[in-house]
Amino acid sequence: MSDYYERPTLDNMGLSVGKRVRLHRMMYEHGPGNGKLLILPIDQEVEHGPVDFFPNPDSKFPQFQYQLAKEGRYSAIALHYGLAAKYLHSFAGDVPLILKINGKTNIPSDAEAFSSLTASVEDAVRLGADAVGYTLYVGSPAQDADIAQLAEVREDCDRFGMPLVVWYYPRGEAIEKKGGRDSFYAIDYAARMAQEMCADVTKINFPKMDPQRDKDAPEPYSELELRGSEALRQIVRSAGKTFVLVSGGSKISDEDLLQKVRESMEAGVTGLIFGRNMWQRKMEDALKLTERIKDAMRAF
Amino acid sequence: MSDYYERPTLDNMGLSVGKRVRLHRMMYEHGPGNGKLLILPIDQEVEHGPVDFFPNPDSKFPQFQYQLAKEGRYSAIALHYGLAAKYLHSFAGDVPLILKINGKTNIPSDAEAFSSLTASVEDAVRLGADAVGYTLYVGSPAQDADIAQLAEVREDCDRFGMPLVVWYYPRGEAIEKKGGRDSFYAIDYAARMAQEMCADVTKINFPKMDPQRDKDAPEPYSELELRGSEALRQIVRSAGKTFVLVSGGSKISDEDLLQKVRESMEAGVTGLIFGRNMWQRKMEDALKLTERIKDAMRAF
Amino acid sequence: MSDYYERPTLDNMGLSVGKRVRLHRMMYEHGPGNGKLLILPIDQEVEHGPVDFFPNPDSKFPQFQYQLAKEGRYSAIALHYGLAAKYLHSFAGDVPLILKINGKTNIPSDAEAFSSLTASVEDAVRLGADAVGYTLYVGSPAQDADIAQLAEVREDCDRFGMPLVVWYYPRGEAIEKKGGRDSFYAIDYAARMAQEMCADVTKINFPKMDPQRDKDAPEPYSELELRGSEALRQIVRSAGKTFVLVSGGSKISDEDLLQKVRESMEAGVTGLIFGRNMWQRKMEDALKLTERIKDAMRAF
Amino acid sequence: MSDYYERPTLDNMGLSVGKRVRLHRMMYEHGPGNGKLLILPIDQEVEHGPVDFFPNPDSKFPQFQYQLAKEGRYSAIALHYGLAAKYLHSFAGDVPLILKINGKTNIPSDAEAFSSLTASVEDAVRLGADAVGYTLYVGSPAQDADIAQLAEVREDCDRFGMPLVVWYYPRGEAIEKKGGRDSFYAIDYAARMAQEMCADVTKINFPKMDPQRDKDAPEPYSELELRGSEALRQIVRSAGKTFVLVSGGSKISDEDLLQKVRESMEAGVTGLIFGRNMWQRKMEDALKLTERIKDAMRAF
Amino acid sequence: MSDYYERPTLDNMGLSVGKRVRLHRMMYEHGPGNGKLLILPIDQEVEHGPVDFFPNPDSKFPQFQYQLAKEGRYSAIALHYGLAAKYLHSFAGDVPLILKINGKTNIPSDAEAFSSLTASVEDAVRLGADAVGYTLYVGSPAQDADIAQLAEVREDCDRFGMPLVVWYYPRGEAIEKKGGRDSFYAIDYAARMAQEMCADVTKINFPKMDPQRDKDAPEPYSELELRGSEALRQIVRSAGKTFVLVSGGSKISDEDLLQKVRESMEAGVTGLIFGRNMWQRKMEDALKLTERIKDAMRAF
């Protein structure tokens, strides 16, 4: 371990008072309560459409996710403006909000992936949100518009003391030719970008090691042969003073999920953002699993 | 029926006072009067040109549609700025206005469909309108510009307490490859997007079930074999706390139209938006049919 | 004649006071004086370059056209900012001004025709103009930028009480495949768009009936067999409460021109906009012909 | 000579006070002193890079051109923001400044030529400049952006009383197919555009008559067989109330240059803008030639 | 040596007070202390991703570079917003900051290279920075957007008295066809552009002479046969009153690096900007080498 590495804390990140108030609320007053973050997202349904709701028809109704976030006492729920404006009033104060402020559908080609703003930081302020969420497609040919848009969001976040959570998705033909969107190279770059762009929190995928594809990545990534959890540990360090969240992705078995929780926490991440793995099941099951995850997180 | 589903009402949608005042006017003071909406649109003539007026030459003159809306006591008339600014003064107070604020002609290719603003929310305020209408081409390659433009319109609607009605049209090569613009998949996605983007009301087409084409839709849509009315019921639920309007499309027989009314209402929609089916006939006939439709709507 | 058609008048168009003052000045204090409009344009030289001046070398000097507009007491002169700012001071109060505020050269390809702003509505106010002129290329692939730009100009016109004159030119490959830019279909659509976009006055070409090409137009235009003057009558009605001006186009014989005047007036247009037909001849001849045209117009 | 032509003077151009003060300073207090303009440009080095400095290494240092402009008492020096901000303080009051406010390098393809703003009219005001310079690529496929940008610059010039000098360069494939960028057709169109866009002064090239290429120009240009000086006379008239400057282009012999001066002045131009012909020689030679040119100009 | 060349100094560059205060701090209160600049950059990791950190794992943590900048008393550290906002608080006052305000990743194609803003000049003011850094891709097909963006940054710098450091990178197919990005031609043009755009300081690469490729450059560059150090001397003069920094590039041996220092200083540059050559080694080694470089710089 380098002498120069400091784990990010609310004390050493150069945070403004407003950011600190809001992050503290999610990290200590909600969620596992020990400075860790457990986030429940439904923002992805802008990108997927309603296909994800069929395994659990209740999940089609945002009331379900809000209820789960409240009873499971998640750190926050993450969703787009419409679902906040239409439902949050019944859960005001009970469920911290991460307002996702950009998005797109997955219907047309993803070749020049770019997510337009669906709301503003000021909208988030007005809704009493505790953070905004932004998706950056690292490596997309449209990166110039994306970086510029994120920089403006970041300035607004600074102005309003609003924490900025960045979903960093490597995307585009170029990254596919360099090992793919879930490679160590791609995610390590994304984590660094998160810190460079001044994200307070970043959401990434758990890296998938694939020696065959990794050969196409730039040196030295092309030659490293790491386990995924070791790669994740390095990614957490590349993110520096940006908190890292690992996403759950599509649904897997409970034991695999809990294993993912433990490996992620061991690697030093600050939290988890699990959507389909939680709400693609009945409320009772979802609440039970939530408790097991929070327990596992409290061990770190 | 899921425990988590609530039908949208003026009470549970998180509406501002201004939005509520204006929606109430259309839903209870005009139209069927029981909280349902019956809208008369002529906005589509920006997109079609005057071809639709030939079956009933009187219909070429906006005076005709205004007269019909007034005597038939429609919930509102929907049209573009020019027709409001030049004719509404004679019907002020009698006919609520949904100002359609974006549009395009159908002359050039539709491949990258996008409708520019033809007016602003502030224009609507100045004209005493009770809502604005916006067309989003879900799935068009130009979706990034479209979503960003809609988000700005939505912010202005929030600022002015102006209800937002969104015409959600799936459009573009990609959707045609996934079952087509009128498929359950396409319209279900559109309905969800309506809610995610915070539309108060959304206008959709009645889904057309075509097992041959639906095979190309993503799972599980590719395997569902539903009747259209059952698909519509699910679409209404995907729209959540956004009121759904079913459009009439091109002219059909009176009995087919009334059948459409009943099936739509049974599926849980809040209203109907019928243009050519109403004004492509003589005034007297149109008024009679309007009464039959309103009667049918009052049964729900 | 439909009961629902009203000819547009200053009383029934929903005009603001400022628009009414300025239109009244052009329609009753200048020109034929009976509510008709006779406009002298030189704006087209931005689009053509100086080629049009060779038949009458005097015409190269804007002083010539201003002199003609003053002595012939035209309703207004229409030109771009430079010619207003550099010459109008000598004719201030004598010649009403329609400031043309967008344009382009005809040097590069017309395939994506779009005319950028060369001046603003505020410029027109500052120059004491009585209207602004705007060219919309109906059906161009660049229509999204064009419609958006026109909508902003229209909002400024509303703000300043400035009448809006729209030059509606069907343009682009798509319209050529549907009968061509001078077909009844194309011009009828343009006239409707004029009203939808809230133009106070619109300039169109006299339709050319060509059964061979019209077959490619959408139904029912593909099957109509009308005389040009009858088509024009219908176009005037499609324009509704927007005054219609017929343009002269390239130079024709005096008798043909006067025939065009009579046919146009019979069809119900409000005015004429004749440029090359007037100023491609000596001053004396131009003034004589002007009187003949005004006399012909006064008969309606 | 047409009765309708007036040579432009400070009296008849409709100038604001601020424009008149600044033009007077350049036309009567500096330069030949008789209402003519002799401009020294180094702005072209943004477009060329340092290649032009090799014939006279001293010319690489802006101090050289400033010194020449001061001792030769030029009407003004024309250059970009950096050279003004870094050197003008030593010559403040001695050398009037035309701040060139847009530019580009010649490294990438010129096919869609467009010069972005490198400074603003307000920058020019702050630096005490007596005019701004703007390059318009007449006929470039990017003309829509160019015309719009120029219109905004023109509005700022009106606001600040700042004279506008436009470098009109015909450019692009289309103009090359119609006789080429230096043809009478191309430059005559450019001169008209200068007046239409409200330039106070325009810089053009001396036309090159080439019967072989001119055949491709539009009628009647394709059939005219004029001497260059006669073409220039007509171009000056096409520019109307915009002063015309003829540029020197690449270096030619002193006698050819003086011949160009005389032919230009005879054709009615208001001034000359000579760069490389002046500063690609030693200071002493440059000053001597400057005097000969000013003497030649004073004869008109 | 030309009589017209003046080396740039804080006295003769036309600087505002604010720019002078900030440049003085970097040139005399930090760094070698004799008016020279030694800059430590980590901004390039936005463009490279974390690959550069593998040779020295400590370097992945910005704390390392800050520590090095502080103990080695560099003139300034150059980095993006995130690394400033999250770490500078611990080094406030000890390490002057050059805030790099635009960037991009190197994942997608570089064919139309353009770096969007990642922060604003106002951000730099708020952070107490002593300069901003901007990358211009000279010769990229996207130069029109780049020049316009730089001009706006420059205006903000003037407004706030913030020195402007421009990273001038020749880039794109066109420059590769004219000798390449590191040719004398390319860098000489870049240096001139730095001055024309009013950069206070510019960062360039040491030119690489390659007679084979230089043949493709424009005359006279195609025929010059200079040593690299002589080319650099001319480049420094092309930059005029803009201070020149030479960059280190990828890591080379200590003796080669010191040789580069001496050759650069002899050629008249004002400073050096060495990143990987410094921080791709242990802290102790880096500090020792820093001292040797500063000693070498103090000899000039």
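Letters are used for the chains, namely A, B, C, D and E, taken in the order the chains are written, and counting of residues starts over at 1 for each.
Here is the rule we use: a contact is a pair of C-beta atoms (placed from the backbone, for glycine too) under 8 Å apart; a residue touches a chain by one contact, two chains touch by 3 or more.
A quick note: this is a predicted structure, and the numbers were derived from the prediction, not measured.
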Ordered by label, the neighbours common to subunit B and subunit D are C
Dist(centroid_CA(subunit A), centroid_CA(subunit E)) in Å evaluates to 35
Subunit C and subunit E have mean C-alpha positions lying a whole-number Å distance apart equal to 57
Residues of subunit A that touch at least two other chains are none
Among line, ring, star, complete and other, the chain touch graph is ring
Subunit A residues touching subunit B in their complex are 45-46, 49-51, 54, 57-58, 60-64, 67, 80-83, 85-89, 103-105, 107-109, 114-120, 123
Residue positions on subunit E within touch of subunit D in the complex are 2-6, 13-14, 138-141, 143-145, 147-148, 151, 154-155, 158, 170, 172-175, 178, 185, 188-189, 192-199, 218-221, 237-238, 240-242
